[in-house]
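First the structure, then my questions, so here it is.
Chain IDs A, B and C follow the sequence of writing; residue 1 opens each chain.
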Amino acid sequence: MTFDFVEPVIFALLSIGVIAGGVAVVMLSRITAAALLMAFTFLCMAGMFVLLGAETIALFQVLIYVGAITVLILYGVMFTKFGDRPRALFFQRQTPLAAVFVAAVAIPVAIIGLSFTSATSRPGGGDLVALATSVFTDFAFPFEIASVLLLAAMVGAIVLTKREDPEEAALRRRR
Amino acid sequence: MPVGPFGIDPLIWAPLRLVIAVGLALFLVLNGALLQIYLERKIQAIIQDRLGPYHVGPFGLLQTFADALKLISKEDVRAQATDGWFFVAAPALVFCPMLASWVVLPFAQDIVGANLNVGLLYLTTLGSMTVLGIVIAGWASNNKYALVGGLRSAGQLISYEIPQILALVSVALVVGSLSMIDITRSQAGPLVNVLILPFSFVIYFIAALAETNRTPFDLPEAESELVAGWLTEYSGMRWGTMLALSEYGNVTVVCAIVTTLWFGGWQGPGVEAIPLLGVLWFTLKVYAFIVVMMWIRATLPRLRIDQLMSFCWKGLIPMALLNIVVVAVLALAFPTTKVPIAVASWLLLVVFVAGIPFVQRRRLRTLRARARAATAPAVRAAS
Amino acid sequence: MTVPLGAYIVVSAALFFIGCAGVLVRRNAVVILMCVELMLNAANLALVAFSRKYGSIDERGSVFVIFVFVIAAAEVAVGLGIILSAYRNRPVVDVDEIHQMRG
């Protein structure tokens, strides 16, 4: 008895999860539900990374996308609360045009994608050491740039959203 | 055909092992929560000069069983305005990551669900997933106390995750592995990591208190301010799953991480001869830290939300970053000995502990001056 | 029997275009942000899959995924900041109605 069928089955389940979650994010009118399903999509994606043998990437995926980005987006949803929209205002006016455009690009890409028929390789032992070595040797400079980008984004987000404390503003004016 | 342990095909053994691990974890979580609630009540009682539970069973040992039975048999109450599926899903979202993190806890040499080579990262990841469930619970309750509690909790958990992870990084730097088994193996003998890295242990323990919503960081469920925070609308076994099981499960996981990373995990006298003794040592160490957490809960008052945030962002995170830089530089400079790292870490710890009162006093003084300046014109106008 | 590379690429492309359609079609700014995240994630899958197939031993493709994570986190923080500050001026999150920046 062999267990070769397990991997394709898991892959099929995960890809159904990814695509269904993605479609739901676009189609659902309740934004909290959309955000949760986005988290579900990210989790399925992490499963795919595990299937590809990239566990470190999968764990970072869950840590960053589910643990941080989804929570941030839920924060955003809660701060910008508004009533249910009428159905007519759900989509933008450019919807038919967008559908044509997306289909026109997606179909060739899918055909090209299907032409890769070779199997993916799964080296054992995980990808942690290789990944770390690459990041801290060949990609050390981009890594530093990325850290500066993160810092700039953090400062930018604080500046954009910080409401000025009226008490403090009054104090500064007096000075 | 290759034969794995117990003469079972390794391909079957791998999933079977996982199933056994999850089953055992579930068993341990359920019973651990019962035991810890009893311990918590007894220890609180002793510290506060009370008796604690003593009616049900000998020494009140069966009290928490009775409570659990009561919770299970309770009517399933759901307020009308709650948000359907989310309300039901939130306890599961809090519970599942906690349960999954038990898989990599090394109870003894060979008693571990899965020896991931990224075990530490796995635990951090699952710890960060709890936030999602709490935010959803706060949102779905459709209740302002719950929402405020949920948002507070999200802010707190995301903030304290940073010093927590930074503290783990310094251990990974010294040990050179993220696997829980390897980290424990590296601490054979009396030289456990806490002697080398006491500062990152202190940072981790403080952050872990906040991460598990324990006093003095239990603002998300501060009953005197927020009724019960994000738990307000929950009752019966949903409340039981969220609070009792998940909270105590998380406390156990965090204490297990502390034990493994800084106190040598299953290592202890006699483990070489009888490997199964490791389970005993591990459990004893874990429960020692759980008792410390309960002691802290009975001792310290709750922080205010701005104090909590400023302590994290202005105190813990800079110190944790400094700690990483110091450890990394010393580990590179002295690859053969760990003495410089230990000296530096103890020095940092002394500076941190001694420095807090001074910084706090200066902060209080400026706060008071600002308050006086803000009220002064109003007083003048009134008189 | 293992899963061919093309299957991963097709899933990645599908998710990318779902996200792309969402960005073009939806009005709510927060949902648009979510769809951008989906697109970034789809790119991650393609990167990891190609890295597994054609990459050398040092995981170069996966390194880019780490950078994509950084970009995604920065993007969502700044994006939500912009949405919140726009919302504070006028309580709308419809991208069609946020046009006060127009000259």
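Definition applied: contacts are C-beta pairs under 8 Å (C-beta built on N, C-alpha and C of every residue); 3 or more make two chains touch, one makes a residue touch a chain.
Just so you know, these numbers come straight off a predicted model, no measurement behind them.
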Query raised in the report: Starting at chain B, how many touch steps does it take at minimum to reach chain C?
Result: 2
Query raised in the report: Quick check: more C-beta contact pairs in A-C or A-B?
Result: A-C
Query raised in the report: Once you find the CA centre of chain B and the CA centre of chain C, what distance in Å lies between them?
Result: 32
Query - chain A-chain C separation of Cα centroids, rounded to whole Å - result: 6
Report summary line: Whole-Å distance, C-alpha centre of chain A to that of chain B, is 27
Query - For chain A, residues that touch 2 or more chains besides their own - result: 56, 60, 68, 75
Query - Contact footprint of chain C on chain A as seen in their complex - result: 4-5, 7-8, 11, 15, 18-19, 22-23, 25-26, 31, 34-35, 38, 41-42, 45, 48-49, 51-54, 56-57, 60-61, 64-65, 68-69, 72-73, 75-77, 79-80, 82, 85, 89-95, 98-99, 101-102, 105-106, 109-110, 112-123, 127, 130-131, 133-135, 138-139, 142, 146-147, 149-150, 152-154, 156-161, 163
Report summary line: Contacts from chain B onto chain A in the complex sit at residues 11, 83, 85-86, 89, 116-118, 121-122, 124-125, 128-129, 131-132, 135-136, 139, 147, 151, 154, 158, 161, 178, 370, 373-374
**Report entry** chain A-facing residues of chain C, complex
**Finding:** 1-15, 17-22, 24-28, 30-31, 33-35, 37-38, 41, 44-45, 48-49, 51-53, 57-60, 62-63, 65-67, 69-78, 80-85, 87-88, 91-96
Query raised in the report: Which of the residues in chain A come into contact with chain B in the complex?
Result: 3, 32-33, 36, 39, 55-56, 59-60, 62-63, 66-68, 70-71, 74-75, 78, 125-126, 128, 167, 170-171
